[in-house]
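You will see chain A twice below: alongside chain B first, and alongside chain C after that.
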Partner chain A sequence: MVTYIIRRLLYGIPVIVVSSFLIFVFVSTTTDPLETAKMNPRGSKTAINLVIKEKHLDKPTIERYGYWVRDVFTNGGGTTILTDRPIFPDIRRVLGNTLQLVIAAELLTLLLAVAVGVYSAIRQYSAFDYSATTLSFLGLAIPTFWLGLILQIIFINIFLKWHVRIFYTASLSSVDPGHGFQFFLDRVQHLVLPVITLAIVGIAGYSRFMRASMLEVINADYVRTARAKGLVERRVILRHAFRNALIPLMTLAAIDFGTFFGGAVITETIFGLDGMGLFFINSLNNGETYSLMAWLLITATMVVVFNLIADIVLGFLDPRIRLD
Partner chain B sequence: MHLRKLWLVAGVVLAAFTLVATGSARQNSSQANGTVIFGADQEPGILNTNIIGGDLFWGGQAVSPVFATTFRVQPNFSFKPDVISKATITKKPFSVTYYIRKNAKWNDGVSLTAQDYEFTRKTVMDPNVKILSTIGYEDIAKTKIFNSKKVKFTFKKPFAGWKTLFGQPLPSHSLKGEDFNKTWLNNLDSPKTNKPISSGPFYLPSDGFQRGRQLTLLRNPKYWGPKAKLARVVYRFLPDTNTTAEQIRGGEVDVIYPQPQLFLVPLRKQSGLRTQIGRGPIFEHIDFQQGFKDKGNPLLRQLKIRQAIGYGINRPSIVNALYTKTDIAPGLPVMNDLFITTQSPYYKANWAYLKYNKAKSESLMKSAGCTKGGDGIYSCGGKRASFNFVWRAGNQLRQLTFEAMQAQLKQVGIEIKADSSPNALSQRLPNGDFDIILYAWVGSPDISGLDSIYGCRNDATNEAQQNNTGHCNRKADQLLKKANTIFDTKLQAKVTNDAFALIAKDLATIPLFQKPTYLIHKTKIKGIKENPTSEGPVWNLGKWSV
Partner chain C sequence: MTDSERPSDHPKKGLTDVRLEGGIYPPDAQPRTDPGVPTEFVTGMPASELVYESGLDLKARSQWAYARRRFLRHRLAMGSVFGLILILLAGVLANRLTSYGPAEIDFNNILQKPTTKGHHYFGADFLGRDYLTRVLFAIRTSAKVAFLVAFLSTALGTAVGALAGYFGGWIDNLLMRFTDLVLTLPAIAVLLVASARFGNGNQYRVAVIISLLLWTGIARVVRGVFLSLREKEYVEAAKAAGAGDMRIIFRHILPNSLGPIIVNMTLTTAGAILIEAALSFLGFGIKPPTPALGQLIQDGATELQTAWWLVVFPGIVIMAIVLCINFIGDGLRDALDPTQRVRA
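After this line comes the complex of A and B, so read on.
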């Protein structure tokens, strides 16, 4: 097992190196963080040249990539090109915010998707199953940006009509969020709408997956055997069918969780959440290659790690699979 | 029993939310405690607005109320003394003497003095500082400090834009010996005391800038001028304009200053809100490539071809479609001057002669020796009248402008092809890599220095380094250089307009329209007034009240 983990981690290194190099080349050749300064008719060329020299912007791309790699190992990811601020504190902040959002969304998604999927499977072709299927496809078809905006409009209209602010429509907290429990509730009020926005799409997908997996299991021979042994249906479903049907979903969820570290770009932008997704967009728009690379490093590493975790979890849950 | 428990839990959660919700609604009523909340669509990277990286619009809006300035640009484009009582000039040699107000001081009690002005000049001219602009400062030859409140700067040559100098006098007692490039990145504290420093009506508490969330200014109780009426101003960072619009509709923010867009129009009719529409300092225009670095379609070097394009574009129709028919900014006029915006008293419609005339456009093409091909597009000397049209990708307004122009020019037998790219302004414009390019400049009440854009480029002498079109009109070049030395604003505008009249005849560029501004705010906020210059909405923040 240890050999397997080490081998998989080593495989991940070239993936990260190649992806980081490609992104570095694409971003540094298509954007220019100094564009605004250069466009200023009264701009100082001396200052622009200072930045160019300091950040090696006049060097070939491959050499600049080398400087970035050096900064990663010796300087905590380096500093931004324009503002010369350390990148790592920003990454740490936005990663924390993104995790609050995605963990809440993922938990809600798994909870509801599993319940809907299992119930749909054991009541196959019932009114509930048909309704869940229809709603799932609807959930998958709804664009995230539209759903987010609609939720904002609904809760603002509620506020305008009844003067009750149930949920806030943007940001992570109020101007004066308070302390302790009040702070917690304020955070919840801010996170509910983005969490719902993310969860609806997730529930739609996962519930279909869970339903299919459950249907496959409840028709398996060993479940029929369990029933033939006289076990009550509840025990058959929960002890024999459900546990095994959960395995593929858990694997999928683990892989998805890795990608969540990159942030939910659209949801975070719409709800003004200071997370990884918004950080990525801002870095891209400002041509901040090094910030973007820091984002990529975290995201790519997490994808590699969580893919590995998914495989390990699968190995533990399903003894038929050997990891070697 | 199980179901009952579930209902109980749901009831408790709902009650908790309702309690919080009503509490929040009360708390959010910002007017109660003299707070105004801005919805800002951009977060400042750093708070040092003097150096590269600090030039984002909302950074300026957040920092401007913290520092007194030498002159504040008024909505009517005039310059009003702020921290000085007056400034006098001499012409030979050119010098400016500033008389700093006697009561002007920093919030730590230290007087704002002539030494601060000299320290500012030295900082700007320090070659190791990444200062945004040294224009004007580099011409200062000598400083004479008469006393703590009177300082005279003598220049090597006349500088007509002297009123734009010392926009933010720096606190020498706080910054002396410090690395200015590392100062005021996350706060506006004095590096010596680690306490907030301010000379304006507001100050930024040390922990007032919460990245990713908001920036809070508080009233400066030690401000030397009339105290601000508001106790607190909060800038909330909301990157999505749709969200910002919903936020002001739902009362979560009090003021927004977004790019005008269609979905903002209904807000103009919402009770409790007011929208001030202005004609902002940013103006859109197209430039023709006439041979800089031997780039561009050679046909565009012919005046007749440029004129044919000019007469083939119906500018009023484009502006009408973009702003009047959509009700975004009804009645927005076409701009017929450069940099001197339509509401300026010195505005002159130099491009007004360029009225849409299909017949004239085609006749110009024919007189240039062009013949129409089977597809309805002219060819001139075997070269097709087809031009690539460049703009920065992702700009919806420019995409629509292009589409309108493309349809209009097709009718007169000229083809323009979309060539938007993300590096249109960063790489293609400076390299002259375009036939026609659509972009914007920011107008300013100070119209000196425009020879850097519209003068004759000379790389050996570093002249006209922003001219990327290859256009050169020697007479216009001389007039623009002359304008740089004229101190009488009216006369300076006249000479500048004389130059622009020549450029208009050459059709080196065609101005289109000023981008409108939307200042949307709660009607309960008093004293708020749109300023169409680059000062932005906070120019008189100290006078706002709720």
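After this line comes the complex of A and C, so read on.
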């Protein structure tokens, strides 16, 4: 088991190295973080040259990649190019914000998707099943960014018309969020719309997945055996079918969770949430290679780690699978 | 049995219209006396007109004919085909359907609400450009990108998957490790960075970039199919008859793996529409003056509080296209791969 984990983690290293190098080359050769500074007529040439020298911008890309790797191990990912701001505190802040968003969204998604999927499977071809199917097809066809904008339009117009503030449509907190419960309420009001945006698309996909795996289990021989020996239907479904049908979804959720650390790029951009996704977009737009690389390092590592966690969990839950 | 002996007065009966208590045979049916030799070899009659002694007229249908029948009977899928054709035709005929140009500025019409007056059914944007016209032209761009992505990624994925699955060994190992690598790359990061770097806001470049990320799914599917089909007896027979690798791949295995490939291609098209829209929305995809659906929404989002129609209409069109394609894909899967039906 331990060797398995170690081997898997070692396999992850080349993936991280290759993707980080590719992104580093792409970003550092196309965007110039000093573009606006150079255009400023009153900007001093010496200051710009100093930045270039200090950040090794005049060195070949490979060498700069080396400097970045050194910074990762000794300097917490280094500092931004233009403003010389340490990257690590920023990334810790946006990661915390993103986790609030995606954990809330994922919990909501899982709860509803499991309920809908199981009920659809038990009552296959019922009115409920058909409407759930139709709705999930609709959910899978909705562009995320469009859904977010529509929610914004609705709640902005509610506010403009009746002056009722139900949910905020942008940012993470009010200017003066207050303390304790007041702060919590304020945060919830800000997070509801982005969470709904993420959850609707997620529920559409997960509920289909749950339905399919539940259907497969319900038609399995051991479920028929359970019924044949006279168990109550409720017990057959909950203890025998449901617990096993949950395994594939748990694996999928664990893998997905790894990708969540990168933030919901689109949703965070629309709602102006100070999370990983927005951090990524801003770094890309400003040509801040090192910020972008810090983002990438966290994201790629988490994807590798959670893929591994998914496999380990699967190995524990499903005795037919042996890890070695 | 020769042609002249064929009972001319016998009504042609397919299996489906025989409904008798005794079974599926008509009353005058006789057991075949000479089983085993196809009529083709005895009489030179093509197998498709095979007539058994029973008088049952059995028409040989290829599996494609069966698939076509199943698809044509899939009501939702056929409806979606019509819907999609309608939307695409509207895009293709954009310059005939409206009297406005996609970039025709009209300062008397700035942020016009949707109205029948002057046929501004979708309203007008902040430069007074007729929004229906812009949406129709955007359909062109988005559909072009989506189909290009579907074609390119399917071709690439099929090639990689076929080579890996057919030859196995180190070729398989090499190609699949590469596929895994592409699959584990953080997709959105690579997509955005590559679009910013190479995309240039050009629709064809954006399409190529999206394809270079989307082929992995198809490659895995095709590899799986090839792995199982290359062990089949007919492949062995072809080998024994002296067929070369390329002939076996293209003539024997590929036609039999077209089902999953086509289904995946449809799903890729739907995915490509959504990805292109998201890219253009974030400002990394197709850039003005070429109108694309995602980019229209991005433009409209600046007037979010006052002009809802600028966001609503292009989004509904995207949804309609994706919905149609997904339903078609569902119908195709039912038609081409009946074993998968339960999982729908």
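Here is the rule we use: the second predicted complex is superposed on the first by the 321 of 324 C-alpha atoms of A that agree within 3 Å, B and C clash if a C-alpha of one lies under 4 Å from a C-alpha of the other, contacts with A are read in each partner's own complex, and residues count from 1 in each chain.
Keep this in mind: a residue touches a chain if its C-beta (ideal position, glycine included) is under 8 Å from a C-beta of that chain, and two chains touch if they have at least 3 such contacts.
Note that this is a predicted model, so its numbers are computed, not measured.
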With the two complexes superposed on chain A, say which partner A:Thr46 touches: chain B (first), chain C (second), both, or neither. first
May I ask you to decide whether A:Asp71 touches chain B, chain C, both, or neither, giving the answer as first, second, both or neither? neither
Partner chain in contact with A:Ala300 - chain B first, chain C second, else both or neither: second
Considering only the touch criterion stated at the top, classify A:Gln152 as touching first (chain B), second (chain C), both, or neither. both
Looking at chain A, does chain C or chain B touch more of its residues? B
Would you sort A:Leu160 into first (chain B), second (chain C), both or neither based on which partner it touches? both
What is the contact status of A:Asp186 with respect to chain B (first) and chain C (second): first, second, both, or neither? first
Where does A:Phe26 make contact in the superposed view: on chain B (first), on chain C (second), on both, or on neither? second
Answer with first, second, both or neither: which of chain B and chain C does A:Asp129 touch in the superposed model? neither
Thinking of the overlay built on chain A, is A:Thr269 touched by chain B (first), by chain C (second), by both, or by neither? both
Would you tell me the residues on chain A in contact with chain B in one complex that are also in contact with chain C in the other? 30-31, 149, 152-153, 156, 160, 269-270, 281
In the complex of these two chains, what residues of chain C are touching chain A? 181, 184-186, 188-190, 192-194, 196-197, 270, 274, 277-278, 281-282, 294, 297, 301, 304-305, 308, 311-312, 315, 318-320, 322-323, 326-327, 342-344
Chain B partner contacts - residues on chain A that touch it in the complex: 30-32, 34-48, 50-51, 80, 82-85, 90, 93-94, 97, 149, 152-153, 155-156, 159-160, 163-166, 168-176, 182, 185-186, 189, 269-272, 274, 278, 281-282, 286-287
For chain A, which residues count as touching chain C in their complex? 14-15, 18-19, 22-23, 26-27, 29-31, 137-138, 140-146, 149-150, 152-153, 156-157, 160, 212, 215-216, 219, 259, 262, 265-266, 269-270, 280-281, 284, 292, 295-296, 299-300, 303-304, 307
Complex contacts: residues of chain B adjacent to chain A: 16-18, 20-22, 24-25, 27-28, 30, 35, 37, 43, 45-46, 51-55, 127-135, 181-182, 185-186, 211-214, 216, 234, 236-240, 242-243, 246-247, 249-252, 422-423, 425-427, 429-430, 441, 449-450, 452-453, 465-466
